Each structure stands twice: as C-alpha cells, then as structure tokens.
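Here subunit A shows up in two complexes: once beside subunit B, once beside subunit C.
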Partner chain A sequence: MSTVTTPEISLTPERSTRTSLRSRLQDALPKIVLAPSFVITLVFVYGFIIWTGYLSFTNSKTFPSYAITGARAYQRLWRWTFESDPPSSWYTSITNMGIFGFLYIGICLGLGLFLAILLDQKIRGEGLLRPIYLYPMALSFIVTGVAWKWFLDPGLGLEQTLHQWGWTSFHFDWIKNKDFVIYTVVIAGVWQASGFVMAMFLAGLRGIDGEIMKAAQIDGATTIQLYRRIIIPLLRPVFLSAFIVLAHMAIKSYDLVVALTSGGPGGSAWLPSNFMYEYTFKRNEMAVGSASAIIMLMTISAIIVPYLYSELREKSR
Partner chain B sequence: MRKFMTTTAMAALMVAGCGLAAHAEDVKEVQMLHWWTSGGEAAALNVLKGDLAKEGFAWKDVPVAGGGGDAAMTALKAMVAAGTYPTASQMLGYTVLDYAAAGVMGDLTETAVKEGWDKSVPAALQKFSVYDGKWVAAPVNVHSVNWLWINKAVMDKIGGTEPKTFEDLVALLDKAKAAGVIPLALGGQNWQEATMFDSIVLSTGGPEFYKKAFNDLDEESLKSDTMKKSFDNLATIIKYVDPNFSGRDWNLATAMVIKGDALVQVMGDWAKGEFVAAKKTPDTDFLCYRFPGTDGSVIYNSDMFGMFNVPDDQKAAQVALATATLSKSFQSAFNVVKGSVPARTDVPDTDFDACGKKGIADLKAANDGGTLFGSLAQGYGAPPAIANAYKDVVSKFVHGQIKTSDEAVTELVKAIDDAR
Partner chain C sequence: MSAIVSSGTAARRSNGARMFNRVVIYGLLAFFAIVYLMPLFVMLVTSFKTMDEIQNGNMLSLPSAPTFEPWVKAWGETCVGLTCAGIKGYFWNSLKMVIPAVLISTILGALNGYVLTKWRFRGHTLVFGMMLFACFIPFQSVLLPMATILGSLGRFGITLQNATGFRFGFGNPTVNLVLVHVIYGLGFTTLFFRNFYEAFPTELVKAAQVDGAGFFQIFRRIMLPNSLPIIVVTVIYQFTNIWNDFLFASAYAGTGESMPMTVALNNVVNTSTGVVEYNVNMAAAMIAAMPTLLVYVLAGRYFVRGLMAGAVKG
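Showing the complex of A and B:
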C-alpha cells in the first residue's frame, strides 16, 4: 500500500503548481486578449479626445499649434449659437441637429416598434418581409444619400415622374428648399435605419415569455392593454439599445448630408459634424473645428451618460 | 512648437533621406498628388507624364479625387504630418503659402533664375509661388473667372448681341426668358454663386474697387454702397435661374448651355473644357465674352504644383518636373487641353482656339495694366477662412437666409472680421 501511496504523495505538489499556473493563465487570458484593443482604444479614442480638447484652446489654423491661447474658439461658437437671423452656420448646425436627432430617433423607434408588432402576428411570409425591411441597413449612407437625392430631385425623381403621369400640380421640392431640406435628411435616415430597429424589437418581442401574455389574457386584458401595460414595458432594454445605436448614428451623420444635399442651399442642411469637418479641413480653422467636436462630445455625453447610469443601476438592483 | 514639429519632421526626413541615399542613387521618379481625375484634366496631365518619360523619369500618380481638391488637401496634410512628402502636389493659392510658412516646401530659386520664371510669370501669380524670396511652387496655368459662356444657336434665335453693360446682360436674359429658354444656367453651390459674384463686383465697382474690397479686404469698401449695389445686381440676375438650380454641379450647368436648354453661364474658363469635350467650337457653336463691364481686367485663379522639401536624391527629379511644367511647349500643350491659359506670358498662342487666344491677350494686358486680380471665391483673394466666410454670405443671400443687400454687407464685414 505504502509503495502505491508514496508516488502519489510526491506527485501532488507538482500537479498543484501545474494547475495553479494553468488557472493563473486562464485568469489572465482575457486580460491578455483584451490588452491590445484596450491600448488601441485608450490611445486612438481617449488620447485623441484629449488632444482635440487641447487643440480647441490653441489658435491652430492649418496645422496644429501647441501654444495655449485661451477659449477664443468657444467664445466664437457661443456667440454664433445666438445668431439666428441671418443664421450663422453653427446655429444652423445645432438647430438641425435638434430637429434631425429628435425626429430620426423618434420616428425610427416608433416605426420600428410598429413594424415589429405587425410582423410578430404570426403572419405568413415573415421570412421574406423581414429582410426586405432590414436590407436598407446594409447600404452605406452614401448610397442611401445618392439614391434619395435622385428620388427627391424635382427635375429628376418623384415630382418629374408624377408630372409625366399627368399630376402636374404635384409639388415636392423640399430638397431644394432651405427650410425643409433637413427633413429630407430625416426621411432618408429613417428609411435606412427603421428596419434595423424593427429587427431589434422583433428579437425583443420573441424573447417575452408567452406565459405572461396568457396570464394577462386570462385576466381579461385587451390587446391594447396587453401591449401598453405589459409588452412595451418589458421591451425597455431594447429601447435602451436602440436609442443608443440611433443616437450615435444621428450625431455622427455626416456622409448622408453630403451625399443627399451637398450641404443644402446656403449650407442649410449642415449638422455639427459637417461644421466640424468644414472648419477643420476646408477653412483651416482647426481650433474652431476642435471646439465644435468637443461640444458635440459634451452634448452626447450629457444625454447618454445619465440615461445609461439610471438604466444600468436599476438593472443591477 | 510649430518649429519643433517642423524640426522633428525635417530630422525624420533626413534620416529617411540618408537611409535611401545609402543604397540608391538619384531617384528617377516623381510622385505627384493631384485631383485631376476627370477626362479632360487627366488627358492634360498625361502631356506632362509623356514629357517626363522622355527625360527618363517615371511618374508615380497619387490621385485623390473629388471635392475640388478638399479630399486631396486632407490627404496631403496627413502625408506631411507623417513626413512622407510627395515630390510635388497640386495646390491652390494660400495653401502653398501655408505650407511654405510651415517650412516644408523646397527651394526652386536656382531653376527659376535659370529658366527666367520671374520675368515670364505674372507678378500677381508670383505672390503665391514665391515665399520669402524663394520659389516654392511652379504655376501650371491661369484660369480666369470673369467669362460668359453662351450657346450661339440660342443667341441667334433670340437675336441677341454681345452685352456690353450689366443692363445689356439683363435685357439679354429677358429676351431668353421671353423665348422660353432658361436664361441663366447656374449651379446653386456656394462656390459657383460666389464665383459669379466676383464678376458682378468687378463689373459694378470697377477694377480699383474690386482690388480694395476683395484683395485688400478694405472694410470701407466692403460695406460701401457699391457693394450693396453689387448685391442688388446679384439679386437681379439670380431671378433668371431655373427653380431647380440649388445644389447642381457646375458641369451640369455647362451642359445646359451646351444642349441649348439655357442661354448663358457665368463661369471660369474650365467651362470651355466641357464645350471642347462635347466637340463644340468657339464662335460657331458657343461664344465666350468677358462678363459685361469687366473687359480689360482678369480675375484669376491658378493651379500650382507645390514643390516639397524632398531628400537630396529626389531633387533632380523635382527640378526636372518643375522645368517641364514651366516649359513653353508643355504650357501650350497642357493649356490647350485644359481650357486655361499659360502661366507665363511669353508662350505663343498659335495652338489655341479663339477663346484661348483672347484669354492669353487679356492676361497679358491685365498683367501689364495692373488689372490682374485674385478671385476671392477661388481662394486667390484671401486665405481660405475668409474666402469661405465670403462664400457663406453670398450663398445665404442667394438662397434667402440673408434678405436684403444692407444685411448682406453687414454680414460680409462681420464674417470676414470673424475669420481674420
């Protein structure tokens, strides 16, 4: 017996070091794998945020200059914020951002939820309908922009076609109209993203426990009550994800405006990202461009961070 | 700090240069960044490619298409920041001076003296190709902006004659309108509107006024009654565009004139390239007149090849490129294709068409008479920040965000002040 146990005893410490090495490696593995992307994010996202913030306090023009000269860029932007008649480019950009952001997110969420509920009625051909709504998301903003530009152009697209069909009083020139051009950006943006939001909601709807719905129906809830009181509240996490996806897409919309309107009549379709690019690269006013980028960052943080905070804290509770 | 950056870049460059020099003799290659990618432009550039090939230099193309060079300038900025300069880059006006101030441009003075550029290149152009006494760029051509391009068939149909004054032009536009033709072909993009406004200001205020307002940025002139009158004239002429003009590209507007859908376009002479590409001949198919009231003056812009401070082993290639660019044969061959006129005034005009001949004569006269002015809309009147502020104001006036000419001049002064 003892001859058998002795080797076992002598083996034990060896095995334990091996397993501990292995388990340590296992512990460290996620960190090792994540390290490169962590470093890259740290430098290329947060590092450059800091750099941009720094530049916004200099008087950088064509090239970065590193002598701090104060907040002149912010003063100019602040002054432009209140120049509404005639509108300064910055005023146009931020009011457009408000209109675009509100309508784009709102309509996408509403339309996406509506489509998802309709598709969720166990209808025939769902497998065909779902990709039809989803596919616009596979197009780049440039393609969407150019296609809608042609479609909305009064001399080329919808208006022209309807005139040829005989409806000559039809008039739709929003894309050429300084007051309405931003709404055409909303139309194109919603067309592209609502199918994607629909897919998110559909996934959410499929994840809801059927027992809950049955229980509600037994208690005598009408369909409207069922959706209003039970299903939509249960979709709250989906709303959060969809909101965050849409909000960041809204604030970074640049290509859509350029492809669809090339800035609009007299620059009336600009969003802050267009303003930032114009000032940094075309007008050689890097400090103003950086300041506007920082303001965009601050604005989006002011909206997203409290929302994330409250949503995530409630979940952990 | 900028100096520090430059020094670092230079140091990096020297290291790179030594590295190359260690195992290579002179590089027989020119690297050229440009945005001449459309048909006529690419054909024009091929002339240079051929000339250099004859001397044994390979051509490394770095085309960055689009946006009137905005994309190319962004690419150039990145290249320069990384310290990998191209041999040369197509550049416009103040960009050359910006890069020269950053100390990244080369020095071609030796070649310039040898080739006699300082005598043959118009003084107004030298303001942009010479920095601090050193030649840093080779001008390729001179475009002039104050032209009218008219479809001759339409002109004959409505019985119009060359407009000599602004009132004549308005009368002519009225005739076209009565005949059911779109009188004025315009693309409603800010640079096109501002380019037209350059001509209107020169026509309304005369050469002295244009220079004071748009080259010297004299505040009194900018807010003067003459400037208000110019905006009023713009408001008059803008009524003759078709309702669908907003956002249209300039070449589509030219196509309207070529096809006879519209009578006239106010555009720089690059529009002629479109006519020529459509196999149209001056005086039989189309007419080129100076914008009424601007005869004798030329508002110009010019394409330049900025020459970077490349390592020593690439200098020979760079000199060859610069010499070829300003050689009389290339200047003639290139500009015949491009629609512009040569950047030196001693090039024979034998190969040019009627409009080209007139352009060459006008440039020479304007250079001698001191009436050759940089176009503000095209970035040769003031630095980009100011030029773009100006374009904003004109465009907002055209599209109705700015409602009166009083408001327009106030905004113009404010915008230019802001951008200074």
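Showing the complex of A and C:
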C-alpha cells in the first residue's frame, strides 16, 4: 500500500519494518478470523442480554422507554407468583413449567433408558427400530403440535376411535380441559424427545466394557442386579448430558404450546416462554416481558454455567 | 448377555425363560414402535382422505379412495391468513432463508473451530466458553433488542432506497432471518468443529507450517479435505434447526408474504374462519415436515451424531 519515497537511506529499516508488519499480521491472522464471530457473540448475545435486563427496570409498555424506574416489573412478577386464586398468568406459567419440566425430563430419561436397555439385548431388527423411535426429533414442534392436536381431539382422534370400536365410556378431553392441558404438552414433548434420549443411553451402553459385565455374571449377578448395581451407575455421565439437553429444551419450549394448544383455554397451557412473548408483543407490557425473560435466563444459567465450567476445565487440563 | 449354564435341566428351564424373555422384549419394542409411528401414520392417512371420510370414518383406517386433492390444495390453494395461494410460497421462503444461513454459519464455525484448536492464544477457553454459552440461552432474552435493531435496519433500507433506488436487502425479512440464524447458530457450529478439530493431529499442521504453508493454506489443503463428516453433521443440524424454528420466524417475519413455512403452517392450522379442512391441514403439515424427514432418512447417522455433539460431550 505504501510507496517508497526515500529509497537510498531508509531501504533496510523500511524493509524490516515491512516484514515485521507482515509477520505480525500473519501472527494476528487467527485472531482476526475469530474476531468477527466473537464480537458478534459479545454484542448480540451478551450486549442484548444486558439491554433486555435494562428494559426490565424501565416502565416500557408498547415501545421501549429508557428511563430507569426501578424494579417494578420484578415486584409485579413476585406478587403474581403467589396469586393462585384466580391464578395469574405468571402463576400458571411457572407452575406449568414445574409440572412440564419434571414430567418431561423424568419420563424422557426413564423411557429413554428403558428403550435403550431393551434395544441392547442383541435385538434382530435394531437397525429398523432405532430410527422409528428417533424420527420425531427431526420434526418441528409445529408439526408435532398439529399431529397431536388431531390425535388428542376428543371429537376426531383417539376418543372417537375408541368409541367406534365399542368403548363408549372412554373419555379423554385433556386438550380442552384447563387443568389437564399441560399434560398433553408433556405427552407430545416426550414423544418427540424420548427417542433421542434413547440414542444417548444406547451409545453409553455400547461404550461399557464387556469384561465388567462378564465378571459380574460369573459372580452370579442376575440381569436386574447387573443393571441396577453396575450398568446404570456407570451411565451417570449420560444421565447428566441428557438432563442438560432436556432441561434447556424444556425451558425453551414455546412452539409446542402454541401449535398444540394455542395457549390452552384462557392461557392455561402457558409456559414462561409464552408468557414472555404474549406480554412483550401482544399485551404491551414490555418491561414485564423483559423481566420474565431475564428470570428464564437466570434459571437456565443456574443449570448450564456450572456444567460448562466443569466440562471446559476438564478438557483444558 | 449369554446365560452361563451347567446342567441339562437348568439349561432347558433357562431356555424356556429365555424364550419368554425374548417374547416380552420384542413385544415391548413393537408396542413402542407402533406408539411412535401412530401420529405420523394418522397424519399421512388423513391427508389422503376426503373430508366426508374423515367425518364418518375411523382415524386409523386406510383411505378407501386415496385422493391427492388435499396435497394439491395445501400446496397451491389453501388460505394462509387472507391470501389463498397455498403454502408453496412459504416453502420457498424457508428454503431461501435456510440455505444461506446454513452455509454462512457452517463456514464461520469451521474457521472458528480451526483457530480455537490449532492457533490457540491466551484465553481461548474463555472465548470458546462464552460462545458456547450462547447455545443455551433462552432466545426470549435477546428477542426484543434484536427486533429493535432489525427495525432500524429496515428504516436504513428505506433511506437507502430513497437515495439509490435499492435497499440492498436491508429490512428484507428473509435477509433478517438469515442474519439472526447465523448469529445464534454460531455457537453450535463452532462447538461442532472445535470438538472435531481437537482430535485432529496437530503435528500435521505444525509440519505444514514448517514447510511454509500459511493460515488459510493449511485450512484449505489440510483441514477442509478431512472435515467431511463434521461438515455433514453441522449442515444437517443447522438445516433442521433453522427449518424448524418458530420463535424467531414468528417474531420477525410473523405476517405477510415472507413468512417461513412453520409460521404459515401454524396459521393454516389455527385459522378460525370457515370449515376446518383437516385433510388439507395434515397435507400441509406433511409438506412442512418433508425436508427434515428426508434429511433424516437419507443421513440419519449424521443426524444423531449432531444431536449428540449438541450435548457437548456425547
């Protein structure tokens, strides 16, 4: 880029600075390549989180306002947390989160492990069965929601079918019932994710040293003892990974509630993610929406940060 | 898990028990396979039935006179909001969004992974950790600022249009979504490539450096040719995630012509006007599911591997 103006005298130093500049550029190249991604992450993830946090301390309604007015949004959320009769939207959202999170993670782990153990018994046709359990994971929550909405509809789906088969007293209208609608979200969610958990456990089972199992069998351990005392404890890291994946999927769940229940009767199927969306974009309570987003983030962080910290420390050692 | 047996009678008894066990195991596996397949089966069957048959027949029975009508209608005629031109336009919208977003985020992820493993600097773990954490944030915590920024990009686009006659993509919802998906996909793509390159022999890179190869030369000649498996994993993972996204799509392109497929499908299904055509809804859902299902069928192994890598360890 630069032109040489005084050739005679400054030739040597100029060349040396130029090469050093060039080599310095070479040295910095990796950082220059990484920098855009890192800056993007800093701005669009961390900067935006701070921005959202800031908004939660203002009294933003339809449009953002940037005058700090204190923690009113959090105070309101806190008050709503205990408003159970009639339940506030926030109370409904967090109790639903509790029910959904507990059942979704618990059933997925249980069912996933169960299927993995069954599949690990030298099954013929494993190659056919595995993809059948796993394919729901490839579908969007919207498609899953549409399919299950139809399947669980009392007038069209399962109930109607069983009536036609002669079981006329069968009654299953959870999807229209405000007290039970969240359980239909659990059903569809488990259907979608349990196959994936199965695949994780299966990979874990295949990684266990066969010698350990043989030794235990020679010692006279029954199959159930073998699994309870030896294999399942060995799978602890898989439990942890699966828990992390499921927990963050549970907290992020938004689409499934929308597609399956459209929020349920009177918003009775809401999760905090739906609460955030509705309050921010539909009810013009931007500060409250932001505060709920921050609470969601804190909840996930409490699970993820220690996990990532231990993972990365382990790796860099 | 072979049983260890000594005497003849024990062998016979344990054979009987074994037979019983096998039957139970296969029975359970078959039962669950049916349960998992049921919703897809119902969706598929319903999409080939006439409305008459749906209202009077059984959900599980095969269509008596299969018709492609619902598929044709879903693709080209059904109403999404107020426009009744089918979902085909939205299908293309999704494709136009997915392809660039996948390509850009994959390339950036590959470069990041390369730097973070083979050109380490002080603090590389912190940088990686911060990018990794971005994978797990609930997107609600960035939704609103992003909307504000995209809004001002749109206003900038209008200014540009007034000045030059072109908007250069500023404010175009598809471009916006590409941007959003690249930004929030970076953590995942970086994670995939970093973990893959971590196991790649550093000696090869060192040797090439001694031979005078530069940063990009090593990347192009040594890293990339050996990265096919992780590229496939990353592309599939990103493709599935971006195609299936609903939150960003509904927040930033929730109305009008440029809706992606997921939002359009939700509008078709949850529309409250007129008679609900379940067969058309199911056909639309099948069309929306087709690309990711196809990827899954063709490359299931890589699909699973990507999901596992998403669990950090796997």
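As a working rule, the second predicted complex is superposed on the first by the 265 of 317 C-alpha atoms of A that agree within 3 Å, B and C clash if a C-alpha of one lies under 4 Å from a C-alpha of the other, contacts with A are read in each partner's own complex, and residues count from 1 in each chain.
The rule we apply is simple: contacts are C-beta pairs under 8 Å (C-beta built on N, C-alpha and C of every residue); 3 or more make two chains touch, one makes a residue touch a chain.
Keep in mind it's a predicted model, so treat the numbers as computed, not measured.
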item	value
Subunit C versus subunit B on the shared subunit A, clash or fit after superposition	clash
Contacts of A:281 with subunit B and subunit C, given as first, second, both or neither	both
Residues of subunit A touched, compared between subunit B and subunit C (which is higher)	C
Subunit B versus subunit C as contact partner of A:161, first or second or both or neither	second
Which superposed partner A:66 touches (first subunit B, second subunit C, both, neither)	first
Touching partner for A:169 - first (subunit B), second (subunit C), both, neither	neither
First (subunit B), second (subunit C), both or neither touched by A:136	second
Which of subunit B and subunit C A:178 touches, first, second, both or neither	first
39-47, 93-101 or 147-155: stretch of subunit C that collides with subunit B	147-155
Doubly contacted residues of subunit A, that is, touched by subunit B and again by subunit C	64, 262, 281
In the complex, subunit A residues that touch subunit C	26, 29-31, 33-34, 36-38, 40-42, 44-49, 51-52, 55, 64, 115, 118-119, 121-123, 129, 131-144, 146-151, 156-158, 160-161, 164, 191, 195-196, 199-200, 203, 213, 217-218, 223, 237, 241-242, 244-245, 248, 251-252, 254-255, 258-259, 262, 273, 276-277, 280-281, 286, 289-290, 292-294, 296-297, 300, 304-305, 307-309, 311-312, 315-316
Residue numbers on subunit B that touch subunit A, as the complex places them	1-2, 5, 70, 73-74, 77, 81, 95, 98-99, 102, 188-190, 243-244, 246-247, 383-385, 388-389, 392, 395-396, 398-403, 407, 411, 418-419
In the complex, subunit C residues that touch subunit A	1, 4, 25-26, 28-29, 32-33, 35-40, 42-43, 46, 54, 58-60, 108, 111-112, 115-116, 119, 121, 125, 127-134, 136-146, 148, 183-184, 186-187, 190, 198, 214-215, 240, 243-247, 251, 262, 265-266, 269-270, 278, 281-282, 285, 288-289, 292-293, 295-297, 300, 303-304, 307-308, 310-314
Footprint of subunit B on subunit A - complex, ascending	61-67, 76, 86-87, 89, 153-155, 173, 175-176, 178, 261-268, 278, 281-285
